[in-house]
Each structure stands twice: as structure tokens, then as C-alpha cells.
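The structure appears right after this line, and notes come after that.
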Amino acid sequence: MKLVTAIIKPFKLDEVKEALEAYGIAGMTVSESSGYGRQRGHSEVYRGAEYTVDFVPKVRIEVIVEDMDAAAVVDVIVKTAQTGRIGDGKVWVMPVEDVVRVRTGEHGPTAL
Amino acid sequence: MSSLLAFAAAEPPPTLDSGNTAWMLTSAALVLFMTIPGLALFYGGLNRSKGVLNMMMMSFGPFGLIGVIYVLWGYSMSFGSKDIGGIIASPLEFWGLKGMLPGEPGATVLQDGGIPTLIFVGFQFTFAAITVALISGALSDRVKFSTWMVFSALWVTLAYFPLAHMVWGGGLLSGSADGIAAKLFGLTDGAATIAPIDFAGGTVVHINAGMAGLVLALIVGRRKGFGKVPMRPHNVTLVMLGSGILWFGWYGFNAGSALAANDSAALAWVNTTVATCAAMLGWLVVEKLREGHATSVGAASGIVAGLVAITPACGNVTPLGAIGVGVIAGAAAAMAVGLKYRLGFDDSLDVVGVHLVAGFWGTISLGIFARGTGLAYGDWRQLVVQLIIALVALVFTAVVTTVIALALKATMGWRISEDDEVAGIDQAEHAESAYDFGGRGAGRVSPLGQHEPDARHHHEIDSEVHA
Amino acid sequence: MSSLLAFAAAEPPPTLDSGNTAWMLTSAALVLFMTIPGLALFYGGLNRSKGVLNMMMMSFGPFGLIGVIYVLWGYSMSFGSKDIGGIIASPLEFWGLKGMLPGEPGATVLQDGGIPTLIFVGFQFTFAAITVALISGALSDRVKFSTWMVFSALWVTLAYFPLAHMVWGGGLLSGSADGIAAKLFGLTDGAATIAPIDFAGGTVVHINAGMAGLVLALIVGRRKGFGKVPMRPHNVTLVMLGSGILWFGWYGFNAGSALAANDSAALAWVNTTVATCAAMLGWLVVEKLREGHATSVGAASGIVAGLVAITPACGNVTPLGAIGVGVIAGAAAAMAVGLKYRLGFDDSLDVVGVHLVAGFWGTISLGIFARGTGLAYGDWRQLVVQLIIALVALVFTAVVTTVIALALKATMGWRISEDDEVAGIDQAEHAESAYDFGGRGAGRVSPLGQHEPDARHHHEIDSEVHA
Amino acid sequence: MSSLLAFAAAEPPPTLDSGNTAWMLTSAALVLFMTIPGLALFYGGLNRSKGVLNMMMMSFGPFGLIGVIYVLWGYSMSFGSKDIGGIIASPLEFWGLKGMLPGEPGATVLQDGGIPTLIFVGFQFTFAAITVALISGALSDRVKFSTWMVFSALWVTLAYFPLAHMVWGGGLLSGSADGIAAKLFGLTDGAATIAPIDFAGGTVVHINAGMAGLVLALIVGRRKGFGKVPMRPHNVTLVMLGSGILWFGWYGFNAGSALAANDSAALAWVNTTVATCAAMLGWLVVEKLREGHATSVGAASGIVAGLVAITPACGNVTPLGAIGVGVIAGAAAAMAVGLKYRLGFDDSLDVVGVHLVAGFWGTISLGIFARGTGLAYGDWRQLVVQLIIALVALVFTAVVTTVIALALKATMGWRISEDDEVAGIDQAEHAESAYDFGGRGAGRVSPLGQHEPDARHHHEIDSEVHA
Amino acid sequence: MKLVTAIIKPFKLDEVKEALEAYGIAGMTVSESSGYGRQRGHSEVYRGAEYTVDFVPKVRIEVIVEDMDAAAVVDVIVKTAQTGRIGDGKVWVMPVEDVVRVRTGEHGPTAL
Amino acid sequence: MKLVTAIIKPFKLDEVKEALEAYGIAGMTVSESSGYGRQRGHSEVYRGAEYTVDFVPKVRIEVIVEDMDAAAVVDVIVKTAQTGRIGDGKVWVMPVEDVVRVRTGEHGPTAL
């Protein structure tokens, strides 16, 4: 199996979730994170001083998939999350040796 | 403010009453507290977190502006003696509050309860300011701050001051001999036999603000994603806090409108309390029956609906009548707030559902419950009078607000860019974010003035847009 | 409320005093502000975040209910003239506040300070409401909202109104000729020689609420994980805010209980201030010595303990005496709040440790510090009287509360399900969550009324339970 | 407090005025509310989240201490009749408020408005307490709580009470025959022809606190990372709330300083309002021009600057004059707050930029706008007098504060360790953290007293230090 | 070495931590996340509208372990975090090429 | 490519970010997390009870790098984040099979 990790813009989360559902992915795990890259942060002003916030809010999605699905899932995410503007994010794929469903103890693909 | 009609005509009593003055000094401060920070927190908490500061600034900003305006021409236009067609008074008569300061000969004019004119001015200012702030709830997350400030100045001058004059300053909607009520059912002792009742501002404040909110919601348009994306309250503790401050301050609003510390103020106090309690229960029961849960946002909203409805009525109904006014207000508003999704207008924080609905109900409820003259006491004429003033106020405001709003749409424009709306109006309009609990994620600090003032604002933001 | 005994007997003075009335209008609003939102924020901040809204609703909900009850039968039962056995008065005499409105002949009855009866009603209502709200601190995170609402209505009627009548309405615990104190040490001029003192509610409010909290904590049982899992305050800034609002509002509670703007109110003002300051220091010093750190939750708690303890005493001790009352209250409560872990009852937010302990101490402290009659002035009889009223109040409340709580346990039941408790009571009982700072994580929005009302509530939640 | 000079000399009127008393009971409570929790929230919200509780405790802690001190010797030193060299009065005369309680013969002394002496004591205490709390804004995130408490006690005794005595108690800076003003421009009817004006505390409160803040910021030194790491407000909704409470409470401060519910209080009410509105606009306009955005922290700061500036002037200028005082105050403070980065002193929350600048401007603004005697009315002598009292106050405070601060530096020390500062002062000094929204991350709970009190505090923390 | 990542119900964190300690694991890293899967979210009601919250709060645990411990650690987590109810979570294992302890610069298993 | 994950003390984030920039790394993703290990938590006191907070706030950095950079990047992070005190954190390296830039759809090293 593979772990697909995607860093995307937060407002794209709902769309990506729906696209993955439509593809047939039934589960995922999401967390908040901050990104640093080409996309610059913003300035804030408080009482006579200005602050630059370097990091930009991002959402981080993790989906475990079967090997054969990995490329397609990456594709779905990339297509849906794309706005064509700087800061759209990254998606990467890593090998997973085993997965277990906590509820049942099942191993491997059936645990998804 | 029941005694204002009398005041408009009567000569002032010669001595100051320190007890009444103490109560008015307190009441005026209480009404200020309703807006700053009460309403700002109530609305801010109901908003999404990316626009909470803008929502608060939509109360704070106009408050500052109207404070200056009220001293310059607002008081004079509302309560001056140089009436123009029953609609407005001359802005020049008391320009800059001239002639009213301690020691000035004609200026130590006292209201009939023996209070200094100046504290009456202060008290009335706070009403004008909160009325404008109330409207802002219809406009969250999408309006240019500059347009909103200009709107505030125009609207308070062209919609609020006239209505205050008409209702409380002896104009068309008052009980004066030239008013509509007198035309309808005749005069007794030189005033309308069946005088319209608006003790503390059902028409002037709530119908006025509610209708303006509806017009603006329609003209300005919806938030991006309205009805699709959830836009739920980001901080309910602020909502509860705001509703508590509003309730507390409302004693200044309602019992203060007796303009004296007397029997009438005490009745207003008790009626305000019990109607609000009943309205909270009314809202919660509707929720419980309809959705299966009584919510805390519902309790806070019921409180506001009850306060709004009892506002015109608090001096003229019995405590049992106040329970009736309240419970119906709470239930009706609870049913009204969902309408915006069906009808498709984005009255973001329910100015229409709460203030227009409950304000209208409160005004006509007097036709039923007013001691002595209501339907419940066998007379139908008060109901007619109340319906008429409510409708006239509604139409007047709708027209004036539409004109102002369209003029601004054509000139300054109302909406911030879509990019800015998605990224959040707090950053776009105020260059701020409300919370920083983690203390991480900020890079450099530079004192202002060390680089060019124009080279650095949020064009750096690569705003996040729906493609 | 020292003058109430006099009031019960005396004929009303003929004229209204606008200064006293102004102060009572203000005081009643201040006491309302203590609960809505003061106490709700104080308790809400001390709670875990998953139950903050429920905790606030446990103040708001009963407040609405008791507002209606007080107008219907509460005032009459507490302060009516038709006494029944020194314990209660007839609920019918002033049902719906009949006969008290402006203009009604026998109704413009004034209290002895020249205030409208209605504002006295309003003032007294706020005391009844906060007493019930205080109890809720013992019950966080685990109680059905419906059971709590029913309890509130029963308890205020069967425990609060009687005690208010006994102490302030001329009943058994007052200084009247038929009271316990008169039986003990005889009469002087038709009233008890050594009258019990409860200026603003040590017995009626704090012992009453504190004891009820203890009984309920025992009957309802502990939160899941109590004593094992940490349950610490989720938002200390709300706690500080709540304590500040409580302190501010308490001037209405204490100085307002003089029922006039006079010397006695001024003394109550100063004593309330200095005792509270001393109690805060007392608590902080205990913490510093015991744990090495003075905490801000400790400061807020010390403030409340001081306010509670000085409540019965504020009109009858010297400012130096008030320092003594306060510092002991703060230190004692700081030591008492840890007890629940040893004794194993889950008085979640320390109603017992703070209100019962400090309320009891404040009541008997008068036996020591009361000007003229306390031990410090060489007389021991006041101490006996104070001990007796404190103990009678304690036992009375314990019995009544136990009966009501057990009856509800057998019928409606007190506890939400374990699943719901673990998932969080805000979601389970109110279908809400307090905070949404991120603005993420919500899927669809649907206006209500478009699907079946019963098919959709939190049975969808797969609640998370300890297996 | 304009009438205090008269009071110092005059014999008290024989009767109590309930209206004036009602207003003073209310005002004193309002001023208390400014600090607890108003200022604490305002400062707390401006602070980083890791020090918000400490910042709030720097208001709460001294408040408790000064409450006790004021009763013991503070009132006597400020307003006693046993003057020592025009600088201070004997602490013994009214020790413990002796002789002032209801019923004590010489003690029912009334102020000239017919108010009980005790409520004047309460009112004045709240001024002393807030002045000390104001200073704390210069010291966020780095100061030992114990040193701050000791400083508070010393400073209020050696700097505040003397200045209150000099200005309001008939001392050197008052209009008394022995004062500086009388020496300059002579006497009329036994008092200074051109009396200094400080209606509600421009010198005593704001110049005093602002200068003390500057001295302490220099002596204590900067926060680690000051000017490099961003240190931005962690919760702007608290800042807005705090500013609203301050504004509301300030009516007690300013209009209450008339010591009566009369014309003068009404003028103070209106001037306070309109100057504050104008100042908010002034600040926002400066920001908009300079940075392109009007911020909400700017609005809140403008409000405070306006309130500060109008404080000395509110009883003696016209409403139009008040607009002038306000708008200049807001703009000037907006420009002053950036200075600390250039000059390199860490006045963390801008006590100098706001209170010293606006307080100084407000005091000398009277030289221009004072009705009848200001430059605008053709007389230059008021300006000279105002400049002199402002400068004397400045120098006096600078010297006294320096001495106290250096003495404490040499003995107790001011700073917490660098490790603790980096980890956060809330944990280090108070063993608390303000927020726990997640409810995760805590391991065990143990009731206190089951292990050794000294073996467990934050030496376990492996504090995180910059290597 | 292996990285074991576990998504579990938040209230199980303390138990899992203790079980891992008992097994001999001395360190881990934990973060908050939201899960989407068979377990449904809940509804909330605000003023005339109802919202469905799709995501359910979860805790995400990361533990680096030596190769031979991986299976046992997975086992301990699964056993302790199991309630048998839907939404108990997932555990997965991935290969790690190197670990370093920042304090000392040690590499490999001794860095744990 | 490799994924370098680093758990470090929060106040070191800015320094690490700058050091990585100096090395030539242009992007990263950061999230908040809590660590458990040799470094102990702290105690807090509330009303008559004392609480031990076991977890210590940490920052979690993820950087995707080309294979040849992995060792050097680990080095840079370790050097910069080091204070020599317990709790400095861990850095680990895992294999990544593919990376995509969402904005453009580019795969592999050019997506960084």
C-alpha cells in the first residue's frame, strides 16, 4: 500500500474530500498545518509596528490506498485542488508496509 | 420617552432633580455599553473567525462618527423646535450644542423630570449610534469599511434623525395636534385622543434598523458560499457575553426612557425583565420541538428578541401582558430566522429575523395589550394607530435606505474583492487577525516608518480564490 | 435588606424619593448582570471546553423560568403579608403582581425608603435567580438540561421562597416577635432584642445554594474520570472576566440591600470592597505558601469568597472588621476547595468550598464583628443567634433539596448517557460547540424544516466510550 | 473633583442628598469595573498568550493590596486635614477610617454635594488602584510578581498619595492660598486667581502612571527578543471588550468627579463621549494614511487616548472644544506609540505612548480650551499654570519612581530568569496556562497535600532556552 | 527502523501512552487531527439552520521503533485503542532510513 | 526523493527555517505537535489540585528533498536546532516515491 500525503489550500478541503469520495475513497485523516514556499505570507499592523507572517495556513491530508490506486488518487487530488495560483501545494507518495484497522485488528488492504 | 411629547410643549420646571439626573447619567452610560462592546461582541461571536474584527469595527467605527455628528447637527435635527413639515427640525438651532452649557442663560433648560438638557443629549446620542450598529449584522464579511462609514453618516442623518423627530420630537408620528393619529381619531386637550405609543424605540430603533438591514442585504448581495458552506458562530461564549451586556444595558434603554427615576421606570424595569425571560423560553421551546435541542445561541437570540419587542411597550403594559409580548416575540423570531435560506437573502446575523420581526410585533402588540386602550381592554383604535406608525416607519426607511444604498453602489461600491472575501475580511480591510494562541508563525518585526508606507500592504498576500 | 423588618410592619411614606429609586433601579440591573453573564462566564471558563455552553445555559435557562415564576407567585410567597406558620406566605395575594402598577390605588405602595414596590420586586427576583444559578457549579458536564430546568422551578418554590420569607419576610428567622431570636432572648419594643442579621443574603443565598450544591453532588454522582483525569479550566480569561463582573454587580447586591442611597449603603460599599480585597490576598497567600505559586484562578476565587462572606455582614461591621471577615474567608475557602478530592464528592466548580464555607463563615462572623453586639464588643448573644439561623437554614435546605433531587432521580433521571458525557455535553444536550477558530471541518448546511424533525439528531454520532 | 477645593475648606451641609449619593455609589462601582476586569482584559488581550494571566494579575494583585492600604492609611494621607508642607497629610488622622461610620458623631461628615464621606473614600480608592494597574502595561512578560506587589505598595504610598494630596487635597498643585498657582498670579477671595484644573485626574492618574511606566521600562529593561521577534496581541476580542468596559466605567471616573448628579456631571458626560469618539477617528485616520489600514486595535487605543486626554478637561471645555482635545489626542498617541522601537525602550503595551502623551496633552489643552480662561478665550495664564502643574507632577513622579525601582533592583530584583521568560511567565510565576481548548495533553491529577509541597514545582520543567 | 503512525480516538491517548511505556517505548510525538471514514460526524443547530460536521476529532501518534519492535508496537496500540466501535482508527507502518537525536547528533537506533 | 521529518523545540523554528533557506531549501510544511520523551512536562495548579502536563509543545517540520540533499539537510537541522538540552527532538528520513506540484502537475524533483 501507499500513503498519499497532500498539502493543499484550506478552502479546497471540501472539494477534495468529495472528489475522493466520488473516486471511491472512503476514509482519510486531515490536520491543520502551515506552509512555507513560493507563496508569501501577509503583513499585519499593530500600534506603530508591522509584522510579517511568513507561514500560510494549509491543510494536510493523509490517505492510505492500495498500490494500484496511488497514481489515480494523486491525480484526483491534484486536479481538484488546483487553482493555478502559487501556493496550491504538494502531493507525495510513500511506501507503506502494513495497515491495521484498530476496531477489528484486520491487516492489509481490507483494513482500509 | 413617553414624556417627550409633554416636554416639547411644556415650560421647564425650575429645579434640577438630583435623583432623576443620577438615573439618566447611569442610563446613558448603560445604553453606550450596549453597543461598545455589547453588540459588537454579540455580532462578533456569531461571525466566522476570519471576520470577527471587521464585524466589531462596524459597530465601533460609526459610533465614533455619530458621536461627532450628534453634537454638530444630530440633536438639533431630532429635537430642535424649528420643525419642518413634521418630518425634521433645523440642524442649525442647536449646532454644536450651543446655548446648553452650565451657566449659559437660556441653556440650563431642564427636561420635565428636572434633568439637565445635556444628559438628555447624551442619552439620545447612544440611541442613534446603536441603531446604525444594529444594521451591520446584515452585512458580515463582505463590505468595504470606507463605504460603511460613509453610509453610516448619511443614513443617520437622512433616516434616523427624521424618524426620531417624527416619533419623539413632536412630528407626524407623535401624538401632537399635527400628527397622523390626531387626524385619525381627533384631539383631546390639544393632543391626539389616541396617541401612538413608542416608549423606548420600537419604530425609531428596531423597525428602522431591521428594514435597513433587509434593504442592504438585498442590494449588497450574499456572502460567497451562502447557503452552501456552513457559516457558523465562531465563539459562542462571546455571543452569550454580548447578550448579557445587551440585557444589562437595556435597562438604561427602557427604564431610562421614563426620563426619571419613578413608578414608570420601575414598571419598565419589571416588564423588560419578564418579557425577556418569556422570550428566551419561547425561543428555546420552538427549538426543542423543532430540532430536538435547545441551544445557547437560541437562548441569546431569544433574549434579544424579547428585549426588542418589549422596547416600545415596556411602560404601558402589565407584567402579565409583558409575558405575552415576550413569549410571542421569542417564538416568532425563532421561526423567522430560517426564512433567509428559503428566500435567499443573506441577512447574515439575522437583523431582519430578530429586530424587524420582534420590533414590528412589539409595536403592534400595544394595540392589544396597552393598559386601558388595547384590544384586551375593548378598544380597537390603539391597534389602528400602532399599525399605521409601524407601516409608515417601515416604508419611510425602506425608501431612504434604498436611495442611499444604490447611490453608494454606483459610486464607492459596497463589496470587497472576491479574493479578499475568501481570504478573510479582517486581513483585507484591517490588516489584523483576531487570535494568536500559539504564538508561532510570525517572522520579522519592523517599526513603522522605516520603509515606504505604500510598498508593503496586502498585495503581498497571494489571496486564495476559488478558481 | 436590613430595613425589611421595619417595612413589613410600617405604613409606607407618602412620597417617592427619586434618589433612592435611582439607586434601586441601578442595583437591580447590577444584580441581574451578576448572573447574566457574570456567573455564567465564571463557571463557563472554569469548565472544560466540551461543556462550557451547557454550563452557561444552566444559568441562562433557569433565569428565564424564574423570571416568569417570580411575577406569578414568587414575590407573593416571599414577601406577601399572609404568613403561614412563619415559613411561607400565600402565593395568591400578589399573583401576577396585581394591585402594584402605577396608578392603581392600593398599588403605589412604597417601601420605607420611598421606592416603588415594583423595583423592589425586580431587585428581589434577581436574588432568587442567582441563587439557583450558583448551584449549577456543582453539576458540570453530566446533567440533563430538562431535569435541571424542572429542578429549578421546584427548588426556587420550595426552598428559596420559604427561606427568603423566613429571613427577610418577617418569618421564623427574622427579628419579628414570632421568630426564633425573639423566643431566645426576648423582645424590645415588639421585636427581637437580638435580631438575626443577614444584610444581603448569607443564609438565603449562599448557605442555601452551597448546601443544595453539596446534596446534588452526592445524589447525582461524579463526572466520569473525576479525580483521575485532569479537568482544568479551559479559558481563564473568562474566569477573570466573570469574577470582575461579579464584583461589580455585587455592589447592587450588597449596597443595594440598604434599599436606599444613604450612609448604610456607603458603609456596605466600602466593606464589600475591602473585605473582597483582603480575601483575594488571603487566598493568594495560602496558595503561595502551600504550592509556591499564587494563581489567577486563585485570585478570582478569593474575590468570590470575599464577596460571599461579607454579604450578610456588610452593613454591620467596621471596615477593619471587614478586613478580618475577608482575609479569613479567602484563606478558609482556599483550604476547603481541595477537600472534595479527599472526600470523593464531585462538587465540580466548588460551590461548597466557596459558597457554603464562606457564606457560613460570613453569617457567624457577625457574632464576632457586628458593631455593638458582636463578641468583639463583649456580647455573646449575637453569636448564638447567628449560629442558630445558619444551622436552621442549612438543615432546612438539606432536607428540601434531598427530597426534590431524589424525586427527580426516580422520575426524569439526572444523568445524560455515559456516551454523551464522554463526547461532551454541549453536543449532546445543545447540538452546539463553543468555538470554531479554524473555520474547517463542517460539511453541509440545510435550512431547518426541509427534512423530518426527528430523523436526524445525534444518533448519528458514534459516541466515543471507554470500552 | 472640581469641588474638592471648596470641600477642603467648607463646613459640610447638614443633609444627605439621595440623588447625589446614588450617583456616587454608581460611579465608584463603575471606576472599580474599569480595572477589574476592564484594564486587565485590555492589557491581557494585547499581550502574548503565554503571559496573559500574569498581565491580568498585575492589575488584580495590587488592587487587593491597595484596598487594604487605602482603608488603613491611604485616605488619610491623601485627604486628611493635617497637611505636611503642602505635599502630604498625616496617615494617622483617619487610620482605619476611624470616626466616619454611620452613627459616629463627628463621622457623618458629608461632602459638599451631600454625600456620605465613606462613598467618597470608596470612589477615591478606585482611582489609586487603577493608577498602579496602568503602570503594569510597561512591564509585560518579565517581572517577578512579588517585586511588583512590593513596588505597588511603596509607589502608591510615596508617589500616588502625595500627588493626590497636592492636586486634590489642598496641597501645592491645588488652587489653595499656599499653592504654586496662588504664588504666580495672586489670590482672589482667598484662593488662586487662576486655579489649576484637573477635573478627574490628568496629572494624578495619567501623567503619574505614564511617567512611572517610562522609568520602569528603562530600569527593568526589555523583553528577550524585543524589536526582533514579533510580539503581537494574542486576542483582539479581549482588547475590544476591555476598551468598551473602560469607556463605560470612565463615566464614573469623569462624570463622577463632579461628586454630584448635576449640570457639571452632564457636561462631563457629553464631553467624555464626544472627545473619545473624536480620538478614535483621529487614531484611525492616522493609521489609514500611514499604513493603508484602520485597525481594530487602533480603534481601541484611540478610545483610551481620548478618554485619558479628556479626563482633566471634561468639566471645563465646551463639546466643540472636547472634539479638538480628542482628535489631537488620538492622532498624537497614534504617532507616539512607534517611538519605543526607535528609542529602544520596551514600554510593552504603550503606557507612555498612550497615557503619558494623552495625559500631558489633556492637562495642557485646558490652557487653550478652558471655558473663559483658556488661550482661545484670550488669556494665557491658565496655560502657564497647567504647564507648571504638569511638569511638576512629571518630575516628582520620575524622581520617586526611580528611587523605589532602583532600591528594589538592588534587593529583590525585578526580572524572572531568562529560561522562565522564554518558556512563558504564566507558567513560571503562576503555574497556569490561560487556554485549553482541546482538552488534551494533561496526564495526572493529584489533590494537593499528598506530597511534599516543595519537591514538585517547575524545576521539573526543562525550560527551553536559546542556547 | 520503522515509523508507526496511529490514528486513534482522543480519549484513548493516555491509555495508549501508558501501554507503550509499559512495553518499553520511551518517546513519541502526538498531534491533533480530524478523521473521515465510516464513523459519521454530528449535527449542530444554529438559528434556523442545521450543520453537519463531517470530520471527527482524532489524535495522531508517531513512534519510531526498531525493525523488530514494529509488529509488537502495532499490536500494543491496536489492543489498547480498541473499543470495537466504528471509528477506532488505523495504524500503519513505514520504512525509515535514518533517525538522528538533535541534542547529541547520534544516528540510528541509539537516537531513540 | 526523501521526506525529512523533524520534531524540534518551537522557538527554534525561525532559526531552522533561515538555515534551510540559506542551504537552498525553498519550501516546507510545519505543524504543531506535542512530544513525549525524556524531557518532562510541567505542573499546573488550580484550586486545590495540581496537574502534571506530560506532553511538551513541539514543532513538526516536513521537507521533501532530493536524495543527495537528505543527509545535508538533516545535518543543517540538527546543528541549528541543537541546544544540548534534553528534549531537542528527533529528525528522521523516509523514502518518497513521487512528488507532485499541485499548481502545475509537474512530477518528481522539479515539483519541489
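A, B, C, D, E and F are the chain letters, set down in written order, and residue numbers restart from 1 in every chain.
As a working rule, a contact is a pair of C-beta atoms (placed from the backbone, for glycine too) under 8 Å apart; a residue touches a chain by one contact, two chains touch by 3 or more.
In UniProt terms the chains read A, E, F = Nitrogen regulatory protein P-II; B, C, D = Ammonium transporter.
Because the structure is predicted, anything quoted here is derived from the model rather than measured.
Colleague: By the touch rule set out at the top, what is the minimum number of steps from chain B to chain E?
Modeller: 1
Colleague: Note whether the interface between chain A and chain E is symmetric in residue numbering, meaning over half of all numbers used appear on both sides, and answer same or different.
Modeller: Different: when the shared numbers are divided by all numbers used, the fraction is under half.
Colleague: From the mean C-alpha coordinate of chain D to that of chain F, what's the distance rounded to whole Å?
Modeller: That pair's centroid distance is 46 Å.
Colleague: As a quick test, compute the distance in whole Å between the mean CA positions of chain B and chain C.
Modeller: About 33 Å, centre to centre.
Colleague: Nearest whole angstrom, what separates the Cα centre of chain C from the Cα centre of chain F?
Modeller: The separation of the two C-alpha centroids amounts to 51 Å.
Colleague: Give me the residues of chain E that touch two or more other chains.
Modeller: Within chain E, residues 10, 14, 31-32, 34, 44-46, 48-51, 54-55, 82-87, 94-95 contact more than one other chain.
Colleague: Using the touch rule from the top of the page, what residues of chain B touch 2 or more other chains?
Modeller: In chain B, 17-20, 22-23, 26, 229-230, 232-233, 235, 241, 291, 293, 295, 297, 338, 341, 431-433, 435, 437-438, 441-445, 447-448, 457 touch at least two other chains.
Colleague: Show me the residue ranges of chain D that touch chain B in the complex, using the header's touch definition.
Modeller: Chain D residues touching chain B: 17-20, 22-23, 26, 30, 48-50, 227-237, 240-241, 243-245, 247-248, 251, 255, 260-267, 269-270, 273-274, 276-278, 280-281, 284, 290-297, 299-300, 302-303, 318-320, 323, 338, 341-342, 371, 435, 437.
Colleague: Touching residues of chain C toward chain F in the complex: what are they?
Modeller: Checking each residue of chain C against chain F gives 230, 232-233, 287, 291, 293, 295, 297-298, 301, 334, 337-341, 350, 353.
Colleague: For the complex, which residues does chain F have touching chain A?
Modeller: Touching chain A: residues 1, 3, 17, 26-32, 64, 94-103, 105, 111-112 of chain F.
Colleague: Spell out the part of chain C that touches chain B in their complex, as residue ranges.
Modeller: Where chain C meets chain B, its residues are 16-23, 25-26, 28-29, 32-33, 36-38, 40-41, 44, 52-53, 56-57, 60-61, 63-68, 70-71, 96-97, 101-102, 108, 115-119, 121-122, 125, 145, 235, 238, 241, 429-439, 442-445, 447-449, 453-454, 457.
Colleague: In their complex, what parts of chain E are in touch with chain B?
Modeller: The touching residues are 44-51.
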